[in-house]
Amino acid sequence: MTVGIEYYVLLSAALFCIGLFGVLTRRNALMFLMSVELMLNAANINLIAFAFYHGNLTGQVFALFTMALAAAEVAVGLGIILVLYRNFRDVDVTVPSAMRW
Amino acid sequence: MVVFDLSEWTWTAMGPALVLALTALALFVFDSINPRSTNRPVVAGIATVGSLASLGVAVWYVLAGVGHPDTGGAIDLFGGQLVVDQMALFFMIVVAVVTALVSIASYDYMRDHAYQAEYYSLMLLAATGMSVMAASNSLVTIFIALELASLPSYALVAILKDNKGSVEAGLKYFLIGALSSAIFVYGISLVYGATGHLQLEAIAANLDGEYNGLLGVGVLMLIAGFAFKTASVPFHFWAPEAYEGAPAPISAFLSSASKAAGFVIAFRVFTTAFPLETMTDFGVDWALAFIILAIVTMTVGNFAAATQNNVKRMLAYSSVGHAGYALIGLAALTVDGGELVLGAAMMHLLVYGFMNTGAFLFVALAEYWGVGRTFEDYNGLARQAPIACVALAIFMFSLAGIPPFGGFWSKYFLFTGALEAATVNPALLVVAAALVVNSALSLYYYSRLVKAVWIEDPVLERETLTQPAGLYAAIVAAAVVTVVILPGFGPVAELAYDAAAMLVG
Amino acid sequence: MVGAFEFAPAIALLPLAAFVVALLFGDYLPKKGAYAGILATAGSLALSLWMLVAVFGGEAYNEELYDWAIGEEITFHFGILIDPLSALMLVIVSLVALLVHVFSMGYMNDEGETGLRRYYAELGLFTFSMLAFVMADNLLMAFIFFELVGLCSYLLIGFWFRTRSAPSAAKKAFLVTRFGDYFFLLGVVAIGATFGTLSFAGDASFVDAAAGAIDAGETFHGFSAETWVTILGLLVLGGVIGKSAQFPLHTWLPDAMEGPTTVSALIHAATMVAAGVYLVARMFGFYALSPTALAIIAFVGAFTALFAATMGVVKDDIKQVLAYSTISQYGYMMLGLGVGGYVAGVFHLMNHAFFKALLFLGAGAVIILMHHEQDMWKMGGLKDKAPVTYYTFLAGALALAGIIPFSGFWSKDEILFDAIILGLEEPIFLVAYAMGLLAVFFTGFYTFRMVFLTFHGEPRTDAARDPHPLGWNVKAPLAVLGVLALVAGVANLAPVAKLTGVDIVFLEHWLDGEYGAVDGLLYSEYTATAGLETAYIAGSETITLIAAGVLALGLALGGAGLAYVLYNVPEPKAHTENLGQAREVLRSNYYQDEFQVWLATGVTLPLARAADRFDGSVIDGVVNGVSSVSLFGSGGMKRLQTGVVTNYAALIVLGFVALLVFFGVYGGWFV
Amino acid sequence: MNEWIAIGALAFVGLLIPLGMMAVSYLLRPSVPETSKRATYESGEVPTGGTRIRFNIQYYMVALLFVVFDIETVLLFPWAVIYRPALESGQVTLLEALGPMLLFVAILLVGLAWAWRNGAVQWAKSPHRVDSQAEVDRP
């Protein structure tokens, strides 16, 4: 039984929305980051599913790149969260709000 | 004309980006040899020489006609993943110029900083990313280059580790950036789903109207990614904070080069992969999206800038406003063409690269002096530093679009281009009107700064101000170009129009 | 003679260099920069003469040198046009400028004036601007330098800016001429916009374009081409009327006499005022296309000639008399041009430049003699004490009055002749002719009234009894100009030529391209274009010629004779009382100033007040409202930036969803 | 669609059972809060300190390096898959096939060398040194 392409899209959309929900509600920087990773992986699901659907490998290869870049992004992000903690003694993303208006 | 044959070594067409990458690696190697040294002259020197070399190569290529229709047209690399044409070279020049100016200025600004080599190598890596963005011709390369440009930028904004402002800015920039890149890559996946390809020409060839909804959402998500990179409303929220909190040279770098790079991929993607005619048939009228974005961005940017008290933040918002002006380049594209207005947007980005970089570098100078951040703190600076303040006045008036300076011309061409396109699409009249209204408003807050510097009396007595050579050199160079670009506008305009014509035609 | 024209820019640039030198180093130079000016103008004169010789050798020059603004529709450039007309004018201007510079040493330096650095710098700048104006090959360049000479005039009239009257006169001159220039500017813009070119000559001249448009029967803005050309011509004429002090914009010139007399000689007699008339001559091909414009020029000129001459009759100040005579004489030139007498007009322009410069410099000499007294009633009997001044002044006066054989006679006679032959065909021009003719009488009268009051009779004050001595630098320019006033008429002895058949109409050949010329700028072509019909008394040219000449000469002699009777007595009395009511009218210059002041205060001021009130309440209200609303909006808009990154994410998502929904519905993706 | 109903039903039941049990127990149990009940349960040990303790920064550094370098292998993977077929096809030379990957690895090596030289893989002796080390890490 082949699963229809629309279900993959639905799955990835659900994952994307879960990630988005996390982004909007989590105040912990790490959770924020994880939520973003969810969104990226939602894209990966899409890419691989469509690669299968279209019968070319472009999407799969791109998914690999996305993963690598996501890792790099996490690395940079963790560094920033580290200095955030050092400066604010907290990893709550809503705390640093000195610059506004 | 230099006769230059790239047929054997086509990858050398990426020369400007390669030079930047090699310079970044060289800095890493240099720093690995003696990690504890902070040899500022050598490090800053390598960065400056590297970026100037990149500029030199790019200018040489332009003069030699690389990618020009007369010499065989655009050069495709790696199966069309990269393409080097005149627009690519044009933006490589913009990136290299800004990088060079910022490198020179950083020599003084970052004088007490511990991570010298890291700072410059991150900057050059980001510049490499931007340079590659200019030549990217596939959503894969675009995404990779975009991330290559973004990731070092996040680190650069937060590089003042003990400065709460810098860290806050870095965090916000990073979080919004991560969110935007997730949206962007999801958009890519949707476009891939709708067409089965990621290479831009292949996408255009495979638009069959089967999955319009998918395609439409995907295109909107791509727009979101570009809007983030170019700091366009509603993806601009990171910009005021990031520019305000970051070290001022980095603000200059991001608001000029990064923005230009964001625009170049937007130009390329939307003209190459999504021909307006086809897309309008499919119900995906992206030009309309850009019209809305342009108007909103201009208005929000300029209005928010009008009542700022912090100079850097004012410049940050004005940078948002200028993104709106440049968006006209895409908004005014019509089915019949529009290379004029696209070329005008490219010119605006070039001129902006000088005047905005210069303006932020003046802020860097003020921070170097430690005079403070608000307009009042800047009062009467002209008495102590007339040269820099003349340069500042030039930048401000050019940003506002006052005639003799470069900023006027590009804005003028944008305006006429929008009016011309309005004959096809009346909505552009609104855009043109918004351009005029916002320019008028922008004059208010730009001249406020000039007034503070030249007319007002200092609130407090200041000690004599030093004249850091690097910062001064960069500021004066930017000011000189902002002025002399007027007589030089012929060739610049020609190049921009050629580049735009290749893309649209 | 190859390459003569390569040096043409230097003609103008030399005085510019003198300006810079005088401005920067004037205080350290001997004579405060006078020598720099003299050297520069001498150089210009030499080069101008070279140009004259080159043109005489059959060459001409029309080059665009530098494009300073390139557009799609129109390109603005600087260029040089040297043809017979401009070559002649260059010589006149540089010669008079040179002589005035020399004279200035006597009039300004030797009299111990201060601020001479400024004086010579401004003089240099003026000479530069004037020469560049003369050489201009397009209307915009001409306009630029037209304005620049106006500026210099303003500066030099206000040279003694510490007095009360000089600054006010300077302002008046500036404003009145600017008023005319405003129309000129409109004309320049309109011509450029209509024809896409502003060149005087060459393949792409607006004159050709206009002629082509008329031939093709095009229409512009709902007007036929001919009407439109008339409108354009009249717009440009606005500048001419202002600059050449024609009615009704003549009121500034008498006041301009507040400047140093040398300035009056150079700027307000020989050159700048001539710029207006020169401009008409320069674009005569354009005016020739429009008989209406020509007729208006003729009537303005004729009326001004008579009107100013009558006012000159009652003036007591020697410079005032000369000022009104200047206005009057330029009226003659306009009359000449207006009736198609291109050669006559240019001829008079040349002669007038010489004899009026002479008279002004003579007046300057008299003022030196009189220890800076200008009231003629306080002079008298200077004839014996200053013979050089007297005889040169007399030569100028004879020329001005138009007494044969002095130069003024020949040119004025030619103008009147051209007017009458046109008037005989089209009687309306007889009115213009009559005004011109009548003015001859008044000219003769006031000229000799001035001569007799100044030089004849008994000295009436101590100053006149013991005049201040004069230096060589005062006498030499007078002598040169005196000779020229006598002999310049030889250039075009048209009546003699017609009577005797000897070909001595040198100037006519000169202007008709007998030697070098630029295509399209020829007298004969103008005549052909204008196509004015003429007729003669009893069908005979000779009779007409003699009748007109005798009539004019007789009137001039009559005027002079009346002056002789009334004023050539040891103790002359003011006879103006005999004029009764007319005296007051004349003395008050027909209440022109009062009228203009009334126009300003009675009409313009209330209008301006109303506009100001409108501006203050409605416009400012709207503007201030807009700005308050903007700033308020700005305050609101920046509150969007809460500083909390989660809010940003929410707003981004919200914005994106809004776009998504809008485009989804708009593009029908979800159907 | 039909075959998915079973899965959906399974998921529904799977969620319903634990939720229902928690709801029932919430309704039935008495609520008597006291200190020992609210204390953190640490398998019988007496809890000490807060929930958040600072890890040695080197954990983080090494972990980060691992993540970054490890993930780069995913980029090597597709290359490895096509390397041999590409060479056998004869359309690419050894240099063309091997060169880019060597370049890629070389760049990674530059990064690794830099990280090494900057002390990223240096193991700190005690947690106390970490903070001071971080301060003196750079002059």
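Note that the chains are named A, B, C and D in the order they appear, and that numbering of residues resets to 1 at the start of each chain.
Everything that follows uses one rule, which is that a residue touches a chain if its C-beta (ideal position, glycine included) is under 8 Å from a C-beta of that chain, and two chains touch if they have at least 3 such contacts.
Computed from a predicted model, the values in this text were never measured in an experiment.
J.: Any chance you could name the chains that touch chain B and chain D both?
T.: Output, common partners of chain B and chain D: A.
J.: Relative to chain B, which chain's C-alpha centre is the most remote?
T.: C
J.: Could you give the separation in Å between the centres of chain C and chain D, each centre being the mean of its C-alpha atoms?
T.: 89
J.: Any idea how many Å lie between the Cα centroids of chain A and chain C?
T.: About 79 Å separates the centre of chain A from that of chain C.
J.: Let me have the rounded angstrom distance from the C-alpha centre of chain A over to the C-alpha centre of chain D, please.
T.: Taking the average C-alpha coordinate of chain A and of chain D, the gap between them is 14 Å.
J.: Could you state the distance in Å from the CA-based centre of chain A to that of chain B?
T.: 26
J.: Spell out, as numbers or ranges, the residues of chain C touching 2 or more other chains.
T.: Expected reply: 638, 641, 643, 645, 649.
J.: Would you mind listing the residues of chain D that make contact with two or more other chains?
T.: Residues of chain D never touch two or more of the other chains.
J.: Show the residues in chain B shared as contacts by 2 or more other chains, in ascending order.
T.: 171-172, 175, 179, 183, 240-241
J.: Based on the touch definition given at the start, go ahead and assign the chain network to line, ring, star, complete or other.
T.: Graph shape here is other: it fits none of the named patterns.
J.: Looking at the whole structure, which two-chain pairs count as touching?
T.: Here the touching chain pairs work out to A-B, A-C, A-D, B-C, B-D.
J.: Using the touch rule from the top, collect the residues of chain A that touch chain B in their complex.
T.: 5, 9, 12, 16, 19, 23, 29, 32-33, 36, 39-40, 42-44, 46-47, 49-51, 53-54, 56, 58-59, 61-62, 65-66, 69, 72-73, 76-77, 79-81, 83-84, 86-88, 93, 96-100
J.: Tell me, which parts of chain C touch chain A in their complex?
T.: 638-639, 641-646, 649-650, 653
J.: Along chain B, where are the residues that touch chain D in the complex?
T.: Per the touch definition, chain B meets chain D at residues 25, 28-29, 31-33, 35-36, 38, 114-115.
J.: Applying the document's contact rule, which stretches of chain D touch chain B when the two form their complex?
T.: 107, 110-111, 113-114, 116-119, 138-139
J.: For a test of understanding, state which residues of chain B touch chain A in their complex under the given definition.
T.: 139-140, 143-144, 147, 151, 154-155, 158, 161-162, 164-165, 167-172, 174-175, 178-179, 181-183, 185-186, 188-190, 192-193, 196-198, 214, 240-241, 244-245, 313
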